[in-house]
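Letters A, B, C and D mark the chains as written, and numbering starts fresh at 1 in each.
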Amino acid sequence: MTHSSFLQDELKISEQIDGDRVILTLFGALSVTTVPYFRQAVQPYLERNLAVIVLDFEGVTKIVSRGVGAAIDMAVQAKKQGGKLRLENVGKYGRSLYIQGVHLVADVPELEGFEP
Amino acid sequence: MSDKSLKLQISIPPVEGIEDVPVAAVEALASKMGFEPNRVQDIVQALTEACVNAILYSTSEMDVEVVVTAMHNGLILEVCDRGSGFDPDSIKPPDFKLISEVGVKNGGFGLHMIRELVDKVEIESSERGTVVRMSTFLPDSTLSNSAPNSTLPAHPSDSSSLMPQP
Amino acid sequence: MSDKSLKLQISIPPVEGIEDVPVAAVEALASKMGFEPNRVQDIVQALTEACVNAILYSTSEMDVEVVVTAMHNGLILEVCDRGSGFDPDSIKPPDFKLISEVGVKNGGFGLHMIRELVDKVEIESSERGTVVRMSTFLPDSTLSNSAPNSTLPAHPSDSSSLMPQP
Amino acid sequence: MTHSSFLQDELKISEQIDGDRVILTLFGALSVTTVPYFRQAVQPYLERNLAVIVLDFEGVTKIVSRGVGAAIDMAVQAKKQGGKLRLENVGKYGRSLYIQGVHLVADVPELEGFEP
């Protein structure tokens, strides 16, 4: 595998704090290249012991399994600390999230017709 | 007007992020073939995972090939890399109980996703490279709508004879 | 991280309507490279016209090849067919005065469109086939944003040395 | 060139008559394969000597130059009969239409920054 300067996936995260709740809205690709930034950007919120961390997927343009894996790790960590991770606006990515079992550890919108 | 299968080929260098290009191509093709949006997304996601692996585990600068066979009753995608291969049987499905307790840490979901998302997966791998072959079939109703006189097999289970040979 | 150009190749059979597949691929690539939506649409439209011609004037079942070179400062698309070729110099630009009076009737706009839509067009044609090479360059501002230390030429007029040889 | 049963471009046209005006809304591809249908579907309206024929491009997913050529022919014919052809909602196809000179014979929304 090589890197290229002009085909990089990009991920931007905007924050909106509301009491003991934070909404993190993702824009761009949740891919192999952006996962390290994703983990690093969310970690401080996990460490603050917030009641709810919302990941808003409205602006997500691509998901790879390792990106979903990172969200699972975040949900497990939040749960251990008595908080929770919630995914919103997952849209067409719902099936991929359920297949990876995100719904077992995080709040995810119900998915019609999903048979695990 | 012909029902003959069509073969397309897309070669990409093993570069991070470039999988978006064959994925967009296949998304357009699958939509045009009459797959439902949900099914198109399944195909897109499976192809993304297979391409990401092919790119990630490429050990040279040799191209990754995506071979697309569009048939009257479905779509076969082959993702071929020249990496050093692996033993597909050694990859166990994820242990969701364990994951719920300790998390994921290091990937390991890609092949599971692919298997869940498409109708049929075949993997051939050796030290000269890997081919991941993913087949997705159109539902019978779509077939009879678009070609009422078709004599091609419509059931996935009937279709193995349509597979291209590696 | 490398500035090296990337080469992708898409082979399609000469079948009506299949141009949507390479077009979707190139649309995704051009967007990702940082072309503005208007410019992406210009590239999409030019590639559509070139592919439609390649398919329309194919005289065998041999594949049409779309060779894509993504460079730091632009995109080169080559559409190659194995048709019986034509003399590009014999194709005159449309006579808009005449058209306004009597209409069009039989096409004849494709090459004109291509020439207007991209920055540079080169056509090589013989009885063995045709290559239409279309180059589109990123504006300087995009270049300096994404790679401030770039030493590649940024002006279209400087870039002929970056062209792949046929 | 060959045909395939499952990659065909499709074009649908819906009609809305309003006095001596008709709005024809196009859905799908204006491509080499659909142009004959496009010409054939619009011809009866041209023959009715309507004051205005509107082609609404809102639902158009692809345009090729021969499709635009057909629209030019329609505009020329309408003009000869004292009527006119108007194109609406041309969106991203505006530039292609202008490059082919559609604005010389038909009413087309103004295009910012077009230099003929």
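As a working rule, a residue touches a chain if its C-beta (ideal position, glycine included) is under 8 Å from a C-beta of that chain, and two chains touch if they have at least 3 such contacts.
All figures in this text were calculated on a predicted structure; none of them were measured in a lab.
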Report task. Could you see whether B-D or C-D has the larger number of C-beta contact pairs? Result -> C-D
**Report entry** Interchain centroid distance [CA atoms averaged], chain B/chain D, Å
**Finding:** 38
Report task. Indicate the whole-number Å distance between the mean C-alpha point of chain A and the mean C-alpha point of chain D. Result -> 45
Query raised in the report: Taking each chain's centre as its mean C-alpha position, how far apart are chain C and chain D in Å?
Result: 25
Requested in this report: Let me have the rounded angstrom distance from the C-alpha centre of chain B over to the C-alpha centre of chain C, please.
Outcome: 29
Query raised in the report: What are the residue numbers in chain C that touch two or more other chains?
Result: 6, 13, 15, 17-18, 20, 29, 32
Query - Residues within chain D bordering two or more other chains - result: 2-4, 7-8
Query raised in the report: Draw the chains as dots and join the ones that touch; what shape do you get: line, ring, star, complete or other?
Result: other
Report task. Any two chains that touch count here, so list every such pair. Result -> A-B, A-C, B-C, B-D, C-D
Report task. In the complex, go through chain A and note every residue touching chain B. Result -> 1-4, 7-9, 29, 31-33, 62-66, 68-70, 72-73, 76-77, 92-93, 95-96, 99-101, 104-105
**Report entry** Contact footprint of chain C on chain A as seen in their complex
**Finding:** 2-8
Query raised in the report: Hey, which residues of chain B end up touching chain D in the complex?
Result: 1-4, 6, 29, 32-34, 70, 72, 146-147
Query raised in the report: Can you name the residues of chain C that touch chain B in the complex?
Result: 6-13, 15, 17-18, 20-29, 32, 63
Requested in this report: Using the touch rule from the top, collect the residues of chain B that touch chain A in their complex.
Outcome: 13-18, 20, 37-38, 41-42, 45, 48-49, 52, 55-58, 61, 94, 96, 99-110, 112-113, 116-117
